[in-house]
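Look at the two complexes coming up: chain A is in both, with chain B in one and chain C in the other.
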Partner chain A sequence: MIGVGKIKQYSNVLDKPLSKGKQEVSLSAFAFLFSELVQYNQTQVDNIAELERRLEDAGYAVGARVLELLCHRDKGNRRETRLLGILSFVHSTVWKVLFGKVADSLEKGTEHEDEYMISEKELLVNKFISTPKDMGTFNCGAFVAGIVRGVLDSAGFPAVVTAHFVPMEGQQRPRTTILIKFAEEVLQREARLG
Partner chain B sequence: MAPAAPRSGDAIFASVERVNAELFTLTYGAIVRQLLTDLEEVEEVNKQLDQMGYNIGIRLIDEFLAKSNVSRCVDFKETAEVIAKVGFKMFLGVTASVTNWDADGTCCSIVLEDNPLVDFVELPDTCQGLYYCNILSGVIRGALEMVSMKTEVTWIRDVLRGDDAYELQVKLLKQVPEEYPYKDDE
Partner chain C sequence: MIVCVAVVGYQNNPLYIQSFTDADDALKLHHIVHCSLDVVDERVNNPKKSGPPLNETFLGLLYPTENYKVYGYLTNTKVKFILVTTDLDVRDADVRNFFKRFHAVYVDAVSNPFHVPGKKITSRTFAERVSTIVKSFGLSSAG
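What follows is the complex of A and B.
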């Protein structure tokens, strides 16, 4: 904000200087907006899988833009090209910018070589959400899964990304785990690069 | 006496939990894009955004009253000031100013100096009729309706449409007397 109360006009959005990304809005403003996103999408579907897919699509659009924005602003137009590099980019950089903190954990799946998990005790989007019993395993984290898929896919790491509740011992609320399953070609390329 | 209502929302904004505005901006963008794909007609999208805003407004007013310590406004002029100075600051972290009052004090403009919804946004030729920020007008309408004021909120100026500011006209249609649906002895 430049203080004089007039917004400078640019003929093209690309001429506008990129913001530093330090601006904030209240968490409730975001929660209200997110709740409308979920409610609207509920009216457009007739089953849970479809609802998750739509939320994921919305997230994907966010993820693709976040990658572009962060690579341009923070990394001098470079992006990660290796598997572990991009995973830690998502777990640290992306998480920190979007959610104000690094994700709680990043783990490799024990059963499958191509699976990785990012877990969060209290995912920002789930903070004010309790899933009704009749909606089964539905997790609004699908939106975040979409963001992760958007970042990965746009960086050349196609993957299937899903969000799951994982009950935690001694905790009232389950944590959310974002499960990333990379496409075969990603692992083949990774193996080739050595 | 009740503590004086705050003249600005700075302190409240500083004390509430906050999130990065870019997450908010991009999420809003994703919503608008989804609506454009689903509804196809720009007019319909405007309507749906307004409806979403209304839904938010009728819930948001509770949080606003609970956290802002604002008591009953004496007139619509004060209401408009409170929305601009406290409301916008408290939720979006930006301030707005109130101008263009009509003679009988029932219609004014809220001008936004900064608008976190529109970062990275440019309207393509196909969306020229879109009121991109229409959700905001819905929020104001919904919130005011919950405190007994029927209003009509319309966009006068929109930077995305080539104007030099964001200006919302808020027009007070009528004040609905409070009704008490409950009986004292219940």
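What follows is the complex of A and C.
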């Protein structure tokens, strides 16, 4: 039949349905905002450890909310109760929502049972940041470490999360590693669940 | 008829309790919600072998009292939603739907940067949206 299946032509642009829009935020906008965040915190504190702690606290608030949002939006009706489950959730889903891609790698620490590492060649938040030499080992990835800690803590897996630079041969900028050290009770619960 | 909804936090502290009938004593509803928390903990910690899988969010009918039914829902962050209703023939799908919408409104309320997790939810928008959902629940299950 003529006319069936034809795409509806809108005579007026106001009649067109609103598109959902791109689910993206501009990188430069975020970079500016993040640099302002770091600079603001820098004026408020007088040592590096305090600065890292503040960035991490900021990330913690983000992480707690991201977990609520993602669980409602993407995860349907399941709760994560296993360690590997929550780690792979952070490694893929959270990273994909926040940074547009999954994290580069997830490894289990060899020295201790309770250590896991998420590595990334170049953290998105560090993309436009170069730390001066006199700040030592300060890493703005502390913000991302805070996000991970927020997600894990709110899901019931208390952990200590830190960000470290790992120098790689052959590359100019060092790789960033997020080190996750779970609390004792998490390991005990995991052992109990079998 | 939904009598009351409640949001209970991670350490079983109440974050939001709202009752929708004037007849009943608010204290009694608080008491019912409080008792149902025990049932939630029991379901979470000792999964029945034949029951729902350990990590299901919707907990179902927690326990029927004299003239109320209490339903529970557990989010990923150990925040519990409790629903107290007087309907006798409430469908499971309706309650699930209700909790799904309630969860959406809750996520919006928590995403507020000024909301402190663990403190009571004081947003008026949240209260309005919750009462909208409660009203539409009554209508949809009346058919």
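One rule holds for everything that comes next: the second predicted complex is superposed on the first by the 171 of 194 C-alpha atoms of A that agree within 3 Å, B and C clash if a C-alpha of one lies under 4 Å from a C-alpha of the other, contacts with A are read in each partner's own complex, and residues count from 1 in each chain.
The definition used in the following text is that a contact is a pair of C-beta atoms (placed from the backbone, for glycine too) under 8 Å apart; a residue touches a chain by one contact, two chains touch by 3 or more.
These figures come from a predicted structure and were not determined experimentally.
By the touch criterion stated above, A:Leu69 is placed in contact with chain B and with chain C alike.
Contacts of A:Ala29 after superposition: chain B is touched, whereas chain C is not reached. Of the two partner chains placed by the overlay, only chain C lies in contact with A:Arg79; chain B stays clear of it. Touched residues of chain A were counted for both chain B and chain C, and B has more of them.
Of the two partner chains placed around the shared chain by superposition, chain B and chain C are both touched by A:Ala61.
After overlaying the two complexes on the shared chain, residue contacts for A:Leu98 are found with chain B alone; chain C is out of touch. Put simply, chain A uses residues 61, 65, 69 to touch chain B in one complex and chain C in the other. Taken in their complex, chain B has these residues touching chain A: 13, 16-24, 26-31, 33-35, 38, 48, 52, 55-56, 59-60, 63, 90-94, 97, 111, 113-114, 116, 119-122, 135, 159, 164-166. Chain A meets chain B in the complex at residues 1, 5-7, 9, 12-13, 19, 21, 23-30, 32-37, 39-41, 44, 54, 57-59, 61-62, 65-66, 69, 97-100, 124.
The touching residues of chain A, when paired with chain C in their complex, are 61, 64-65, 67-69, 71-72, 75, 77-81, 154-156.
For chain C in complex with chain A, the touching residues are 54-58, 74-78, 103-104, 106-107, 110-111, 113, 117.
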